[in-house]
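Structures incoming, each one as structure tokens.
Both complexes below contain subunit A, partnered by subunit B and then by subunit C.
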Partner chain A sequence: MTVSTQTVSTIQFPYKRTLGPVMGRFFSELTARRIVGIRSGERVIVPPMEYDPETGNELAHDFVEVGPAGTVRSWTWVAEPIESHPLDRPFAFVLVRLDGADTDLVHVLDAGSEDAVHTGMRVAPRWRDEPVGRIDDIVCFVPGEHADSPEGEPGEAQDVTTMEYFSKITYTDVLSPTLVRYANNLRAGRLTGQRCPQCNRVFLGRGYCSVDAILLGPELDEVLPDRGVVSNYTIITPTPYPGQKETEPFARASVVLEGDEMVIAQQQILDIPVSEIRVGMRVRAEWMPDAERDAAEITSKGWGTVAGFIKGWRHTGEPDEPAEQYMNRVF
Partner chain B sequence: MTHERVAVVGIGQTKHKKRRDDLSIAGLVREAAQRALDDARMTWSDIDAVVIGKAPDIFEGVMKPELYLSDALGGAGKPVFRVHTAGSVGGSTAIVASHLISSRVHKRVLAVAWEKQSEGNAQFGLGGGKSGSIGAGGAFAPWIRAYIQKSGAPEHIGWQVAVKDRQNALRNQYAHLQLKDISIDKVRESPMMWDPLHFLESCPSSDGAGAIVLTDEAGGDAAAADGRAPAWILGTSMRSEPSSFNGRDPIRPQAGIDCAWDVYRQAGITDPRRQIDVAELYVPFSWYEPMWLEGHDIAPVGEGWKMVDRGETAFDGDFPVNPSGGVLSSNPIGASGMLRFLEAALQVRGAAGEHQVDGAKVALAQAYGAAAQYFAMWAVGADKP
Partner chain C sequence: MTARQNAGETRETAVRQDSDIAIVATAQLPAVRRQELTETEMLLMVVDEALDKVGLKRSDIGFSCQGSCDYISGGTFSFVPNLDAMGAWPPIHESHVEMDGAWAMYEAWVRLKHGDIDIAVAMGSGKSSTGDPAAMYPLELDPYYLAPLGLDPVSLAALQARQLIESGKTTERELAEIAARSRRDAAGNPNQQVRGAEQDVDKLLAEGYLRNPLRKSDLPPISDGACAVVLVRGPRAAELTERPAWITGLDHRSEVHNPALRDLTDSASTRIAGQRAGGVAGVEVAELMAPFTAQEVILRQSLGLAEDVVINPSGGALTGNPLMATGLVRIAAAADQILINGRSRTLGHATSGPALQQNLVCVLEGDTGAEGDPAAKGDNR
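Moving on, here comes the complex of A and B:
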């Protein structure tokens, strides 16, 4: 079995925005089902800005209620919504000029079909049942003059100062031929690198020499020893963050492969307490069982990772090497 | 001299804090930029071009924030540039701005650098969004261990720098950390975060921004004639090197040596220890003070820690380092380099207030980034070169 030439990664994080006094006011007003802009000279800007976008000059906090109805100035139809779209049925992205505003608001229009949408049509907001102070307190705009509001009067405006912003991106990393060869060798239990014919240095999974900037082709592949010496390490006290799984101090070591060819960074040392890791310790790779080897961590960033193939490194029991010869080698 | 002389005539920064919950990102950069414009007696319309710097976008989750910020910085209809060189970016941003003037493309340029760390999480960002991030502390701790071992420095050197920079921060109203009761004991007894680095030997996470207004020679002369001393740029340099190759010296990277000597040569400095009056060095972890003293040939190799030990880098020493309180006291990452650069300019303008070093005529500023592989440095002087 050979490795895929692509790896797919997802990165996500719940960011927290501070809104500041102007956007904060806009979102606060939404909780009372009001839309406000800000006066900038003769114009009313919606959503409000802290400054005149033409000049950069600070704007006084002269807020103006606008809408709620407005006129569609331009639009585009989305026939097949994706997961991250605000509506789960076909809709239009619209630029709405709210009554009393001089700029257009980007939002979505739920009009049923593309035929029902045209520039110049009148629209009004459909409000969310329980407003939270976000732009989707307006669920969408709907055709007509009248806002689609839940029963009863809205409450007092809540003071909204921050906004949660959940960001998520999935991307596909296309592996270079060098990385595919490198990963296939790892799958077969071989650690390989390429030796630069000019400077004689070996690089793992890069396909080029970082010093001489020349391409290193497959003819330069060498099998490297899966034994080495711990050249340095860190014991990390993990800090919590979304996605963090570590809770106890953990160690990451750099291993210089035998023959002083190459450093493999951020490795785990197996079976000993982190406090017993030392510079100069001789170690041997502990390969993952064949069935568990996985190239998901191999990406085109050029760092020559062995994650997914080598579980960690185990002390060989041999006497240590002199620490001072190795300590400088970290990446 | 074939290029245009460049002067710093306006400086601004925010109050740096763990969380500036009173400001949007635009509000944060504008607070610093407006202060720099006011200091330069300018308005937005006086500026020809804007250069914006920050560290990776993943820290706040705003992609290409320079687009969103261009009108916030009065950039409508003007050239706006984004610079990104990891932790050194605040310095590189100031240098790019200076080059737009020294090359005579523009006359008045606004450079702004910022980070709003509280909107995201730097450990998450530096770990590529995965569990088990080693963070910057985990990345640098092995090199610090190597420096300690190689130089034979006693462990109290790191604690001493940690205390010194926090005491300096007490003189700086803009500094994030204001640790009035900081002491060697407190540093030593603080939790071990990234062995051998204690919690109090490490920089905080901050929200903040810095801004600099740079002008051509005529602008500098006009400021001087108006009784507002400019800082004259004596030399600028940026250098980089690959992070990982056999034979790299990560304690004293070649790029850092080359960067320093490029600046020294332009500034006519042959003996940096004697000819520089004050230095702002990028020291996010206490041991980087002696490491950069050696890494930029201010102290001989193996002797940097002795300068610290003898108190020479203290505020009242003969080679003060980080009178502002440094990165150890304020760390809005993307702005941290610019804070070094603007503090150096404040010092030679004689405008550093309570953290003014007496008689500072020549100041050095440095920032580094990523795996200690990007360097940005400038030297500024009170006298026109």
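Moving on, here comes the complex of A and C:
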């Protein structure tokens, strides 16, 4: 059985950003269905900036209400929206020059069909039912002079000081030939690397010598011992953040493979209290059961990992190596 | 008036100073849709190739700088393993920019200006194949006003192209002609990804819009790739190669980050960078980083390039777009016009940020040899 040569991963990041006095004012006004720009010399800049885009000078907080209607200055048609687009049906991205503004606002236009869109057409906002102080409180623009508003009068402007934004990117990582071989060997319970013909050091999971910058091909593959010595460790007291699963202090150790200089970092030491972990301790790999071995953590970034194949390392019971021998190994 | 007349028919070679800096070698991997090698492996290969061309070893290098992007690679600090392309021991002097390799070259050039080292290497690498550019690129935009709208790069380029067309500065036909010319040139360049695609202007114009007014031929491919250039200071450059590509001007300028606040039909930053880099008089070949056809028109007009300047004989970003290397590839191609093709004065350009926000211009010159005009030795490309 061979491993998949692709790993798919999704990185998600919940941002919460402070807005400051200028953008904060713009987003606060949106909650009352008003659009404001900022005066910069003779011009009114929409959306407002904290500084003059020409000179970089800070602008006085001289806000001017604009729109809500405006004129399309450029457009393009999106026939097949993707997940990150604000509308799930065909729409136009537009540059809108709001009445009273001297710059354009980027937004989207819900016009039904491409034929209905042209430069110079008049458009007005469609307001969100319950505004939160984001650019998409304007759900989109619609053709015509009049804003499309929910029933009733808008409330007082809320004081909007922060904005939440959830970013999400999915990556499909295709493993290099070196990493495919590496992962297949791990699945078979073998730790492999290549020995550099120049410095005689062995390197795991990368296909080159990190010291001499030489590509190392499959002819240099060798099986490495799954035993080693703890060369360094740290005890981490977990603080809660998205994705953190640990609740109690835990250790991460560096293990130098026996007879070589290759260090595998960020390893778990199994079955002993973190307070008993020490530099010089001899350990042996605890492999995952065959059925649980998984190459999802092997990616083309980094220096090779054993995650998904080696659960952790267990003290062999043998006497420690002298700790001084390992003091200069950070990783 | 032609470019050569502009420069004066009897342009004299400037006397090279110890402080002058030249590109002496370049290397790139072919741009491909999906490269299975890691970024580090790609960089190892291009650094090996560039150094081999001039007989240098890594131990000769005084400074190196890399350009790459963690957002594209998909991991924090993913640029750190890339350093292994230069070797880690004994300790090296290096830097990294989260920008196209052209800006890595700018930093290497500034570092050489200090005068205490003679040789530097600049690199750019990227694998766009791992993610979806349409979903990823909104994250480089203004996070308050633009990112929540998911404004993808092709839609933004289309908004820019429409304004250029409706202002009378270009036509859809001219854009199709740029696409056709780029594809013809790419057919002869094995480093380009889009080779053998349709080259007939009328047939291109008959294709439907992908994002009105842009067709597929107006867009770059999604590419993986890497590039490296070797920079050498002073007389050492002429010892290493017959005809160094001297950097006579290098400048970069940036504009406001929100593209809607700019005149999208002009590129003030390109114009200023071009002037500060010594101007375009006498430039025979310009390699412009224009991933969208309309952007080539804007760059050409902003720089004031004469009609007879050869644009993007490499095939350009339209036929190979390994992000984070594309700009350095343009400069490498402009340098190769001097190093290999015997041109006298060429220009390389790189851009960064949405809709030509930031622009870098590099003007390169070759020495005129004793046998007369070395440009005569070059081919017509």
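Just so it is clear, the second predicted complex is superposed on the first by the 328 of 331 C-alpha atoms of A that agree within 3 Å, B and C clash if a C-alpha of one lies under 4 Å from a C-alpha of the other, contacts with A are read in each partner's own complex, and residues count from 1 in each chain.
Note that in this section contacts are C-beta pairs under 8 Å (C-beta built on N, C-alpha and C of every residue); 3 or more make two chains touch, one makes a residue touch a chain.
Small disclaimer: the values here were computed from a predicted structure and weren't measured.
**Student:** Thinking of the overlay built on chain A, is A:Val78 touched by subunit B (first), by subunit C (second), by both, or by neither?
**Tutor:** A:Val78 sits against subunit C, while subunit B stays out of touch.
**Student:** If you stack the two complexes on chain A, which partner ends up touching A:Val211: first (subunit B), second (subunit C), both, or neither?
**Tutor:** both
**Student:** Taking the superposition on A as described, I'd like to know which of subunit B and subunit C A:Pro53 touches: first, second, both or neither.
**Tutor:** Touch partners of A:Pro53: subunit B and subunit C.
**Student:** According to the stated criteria, A:Ile236 is in contact with first (subunit B), second (subunit C), both, or neither; which is it?
**Tutor:** It touches subunit B, and subunit C stays clear.
**Student:** Answer with first, second, both or neither: which of subunit B and subunit C does A:His107 touch in the superposed model?
**Tutor:** Second partner only.
**Student:** Between subunit B (first) and subunit C (second), which, if any, makes contact with A:Tyr165: first, second, both or neither?
**Tutor:** After superposition on chain A, A:Tyr165 lies in contact with both partners, subunit B and subunit C.
**Student:** Examine A:Phe63 and indicate which partner it touches, taking first as subunit B and second as subunit C; both and neither are also allowed.
**Tutor:** Touch partners of A:Phe63: none, neither subunit B nor subunit C.
**Student:** Mind working out whether A:Gln12 is in touch with subunit B, subunit C, both or neither, as first, second, both or neither?
**Tutor:** A:Gln12: touches subunit B, not subunit C.
**Student:** Mind sorting out which residues of subunit A both subunit B and subunit C touch, each in its own complex?
**Tutor:** Residues 11, 15, 17, 19, 23, 49, 53, 165, 167, 210-211, 303 of subunit A touch both subunit B and subunit C.
**Student:** Sort out for me which residues of subunit C touch subunit A in the complex.
**Tutor:** 34, 36-41, 44-45, 47, 58, 71, 73-75, 78, 81, 84-89, 127, 129-132, 134-136, 138-139, 143-152, 155-156, 158-160, 162-163, 166, 209, 211-214, 255-256, 258-262, 264
**Student:** Sort out for me which residues of subunit A touch subunit C in the complex.
**Tutor:** Of all residues in subunit A, those touching subunit C are 9, 11, 15, 17, 19, 23, 27, 45, 47, 49, 53, 73-78, 82-86, 93-95, 103-108, 114, 119, 134-136, 163, 165, 167, 169-179, 206-215, 299-303.
**Student:** Which stretch or stretches of subunit B touch subunit A in the complex?
**Tutor:** My answer: residues 19-27, 30, 34, 43-45, 58, 60-61, 71-76, 116, 118-121, 123-124, 128-135, 137-139, 141-143, 145-146, 149-150, 191-195, 242-251, 371.
**Student:** Write out the stretch or stretches of subunit A touching subunit B in their complex.
**Tutor:** 11-13, 15-23, 49-51, 53-58, 161-162, 165, 167, 201-203, 210-211, 232-239, 241-246, 250, 252, 254, 260-263, 265-266, 279, 303, 323-324, 327-331
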